[in-house]
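The same chain A turns up in both complexes below, where it pairs with chain B and then with chain C.
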Partner chain A sequence: MVAIRPETATTSTLTLEVPDWPGHRAGQHVDVRLTAPDGYTTQRSYSIASATDSSTVDLTVQGVPDGEVSSYLVGVAMNGDQFELRGPIGGYFVWEPSAVDPVLLVAGGSGVVPLMAMIRTRAEAGSRVPFRLVYSVRDPDSAIYATELVRRVRDDRGLDVSYVYTRAAPPDHPYPPGRLDAARLAEAGWPAELTPLCYVCGPTGFVEAAADLLVAAGHPAERIRTERYG
Partner chain B sequence: MSVISRGFSGRGRSDEKLPPGQYLTEDFPVLSAGPTPRVELDRWEFVITTESGQRHVWNWAQFQALPTEDVTVDLHCVTKWSKLGTSWRGVSLDTLLADVESAAEYAVAHSFGGYTTNVPVEDLTDGQAWIAFQYDDEPLPPEHGGPARLLVPHLYLWKSAKWVRGIQLLVQDEPGFWETAGYHNYGDPWREQRYWGD
Partner chain C sequence: MTFVDGNEMAGALEELFAVDVTMARWRCANCGREAELAQARVYDRAPGQVARCPGCEEVLMRLVRGPDRAWLDLRGVTVLEFPMP
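Let's turn to the complex of A and B:
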């Protein structure tokens, strides 16, 4: 590990230098394995946040209170520490910069991480494919990558980001706090006629609800790719 | 050779019932690649197709009339969680295959929604696999694969196809959805066969 930077109160990005990293595709994950001095090992999967052409690998990890691996990664790990990685893994929840269809990204909480890898990869590759991110968070302070997203939207006419605040919205936000619903998705997403490729990532309940909304809005199931956690 | 993680002591020393690399969960996490299909029971059908093209078809009522088995099994998901002692009711594949004439060694399960997964026939027979339609005495919820899912608990859980609608018997192996996307062709949790090359 060569760097760690906090993203929110509970979430940090770890930058890893990986010897012989074969490169990855946007949306893939790695398995991180920790080993205790007595030989006990445990492993978890984490999405890669960095663009595909990056020489280092960024993992953005949300520490969960009883998370055996996440609480170590965001609370104990320091620069110079070594982890065992397996990956990159996953060949379905990926976006290729050669694709030309508009893309709708729907994120719940830390589900934004693999979607951020797609946003960064699109920018690095110079792709002009229109991207829209609909990002559901509890409150403004829970939004990961908020500053970077503001900058990217300002500099890039092909990228649009809309927030859905479930508990507390900032004063200038046009909607009261509430869950993602059909109206917000219709406004912030793409109509089904444009046949966008949809990527939905977040906690199970969020992904179930968001994917159901997309199906109800006419998006074919085979154009909706999901990744659930927790 | 493992790298010792500085300052890591870990919590759960693994239960001896857990395969390598798995941790215990009390929840029942959901993993699927797309939206959850909603399958109406009056449109539900389960079809076994043999290598010679013969079709054996059950509608929901015919399927429900078959003898059922109650099983308590451990589940092991490739994403590392294991859940022990889960209770299911289903129809054994031995029952469904009893009158099916086939010498095929391979099978592919097909699901509503288009998911596929391959399992050797010898892993579907001899009391090892069921088409399950109840979980914990309740109808199987859609997000866990209802109305009915394949249950092959001795393999990683992606082999237990949710929303199953049929099994195709084949003379040659045909890798399914995850098996062509980087995941192991067989998926034995006790040999930690997670990915290609394991």
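Let's turn to the complex of A and C:
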């Protein structure tokens, strides 16, 4: 690990230098394995946040209260520490910069991480494919990458970002706090007639609900890719 | 009990399979549903990983990784289909 920077009160991005890293595709993940001095090992999967052309690997990790691995990564780990990584893994939840279809990204909480890798990769590759991100967060302070997303909406042509605040919204936000629903998704997403590729990532309940909304709006199931975490 | 999805199981399976397993399609032996591994429900807060069918909740496969061997139980899968380059 060569750098760690806080993103929110509970989330940090770890930058890793990985010898012989073969490169990754946007949306892939790695398994991080930790081994205690007594030989006890435990591992968790984390999405890669960095663009595919990066020489280092960024993992954005949310500390969860009883998380054996995450609480170490965001609370204890220091520059110079070494972890065992397996990956990059996955060919299902990936976006290729050569793709031409419009893309709808739907994120719940830290589910934004692999979607950010897609947004960053799109910019690095100079892709003009229209991207829309619908990002559901508890409140403004829980939004990961908020500053970078403001900059990218200004600079990356063809990127839109809409927030859904579930607990507390900023004063200038046009909607009261509430869950993602069909009306918000219809407004902030793409109509099904454009046959966008949809990527949905977040906690299991969020992903199931968002995927159901997309299917109900007419998006074919095979155009909806999902990644859930517990 | 919470579950994640087949993406979580892919790293361990790729020690056994030489291809990207998240795109491998399974057919459930119980209900006949077909989907990619990435769409299975994986329960992993246990000594091993258990993949269940999102349709009927039956066990598709179980994987236990020990220090020097792995056990892969495919009891609930009639076919695994892999895209090949």
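Brief remarks on what is shown
Please note the rule applied: the second predicted complex is superposed on the first by the 230 of 230 C-alpha atoms of A that agree within 3 Å, B and C clash if a C-alpha of one lies under 4 Å from a C-alpha of the other, contacts with A are read in each partner's own complex, and residues count from 1 in each chain.
Criterion: contacts are C-beta pairs under 8 Å (C-beta built on N, C-alpha and C of every residue); 3 or more make two chains touch, one makes a residue touch a chain.
Just so you know, these numbers come straight off a predicted model, no measurement behind them.
Once chain A is used to superpose the two complexes, chain B occupies space that clashes with chain C. When both complexes are overlaid on chain A, the residue A:Arg179 reaches neither chain B nor chain C. Within the superposed three-chain model, A:Arg228 lies in touch with chain B and with chain C [touch as defined at top]. Contacts of A:Phe93 after superposition on the shared chain: both chain B and chain C are touched. By the touch criterion stated above, A:Ser45 is placed in contact with chain B and with chain C alike. Of the two partner chains, chain B is the only one touched by A:Glu68; chain C is not. Legend: residue contacts after superposition of the two complexes on their common chain; A:Leu214 is shown touching chain B, with no touch to chain C. Which of chain B and chain C touches more residues of chain A is settled by the count: it is B.
Judged by the touch definition given at the top, the superposed model places A:Thr204 against both chain B and chain C. In the three-chain superposition, chain C clashes with chain B only at 22-30, the remaining stretches of 4-12, 22-30, 58-66 or 94-102 being clear. On chain A, the patch touched by chain B and the patch touched by chain C overlap at residues 31, 43, 45, 86, 89-93, 204, 225-226, 228-230. Residue ranges of chain C in contact with chain A, taken from their complex: 2-8, 10-12, 14, 20, 22-23, 36-39, 45.
Residues 2-14, 21, 23, 29-37, 79-80, 113-114, 143, 177-178, 180-182, 195 of chain B are the ones touching chain A in the complex.
For chain A in complex with chain B, the touching residues are 31, 33-37, 39-45, 68, 72, 76-78, 81-84, 86, 89-93, 204, 208, 211-212, 214-215, 221-222, 224-226, 228-230. Residues of chain A touching chain C in their complex: 29-31, 43, 45, 86-87, 89-93, 204, 225-230.
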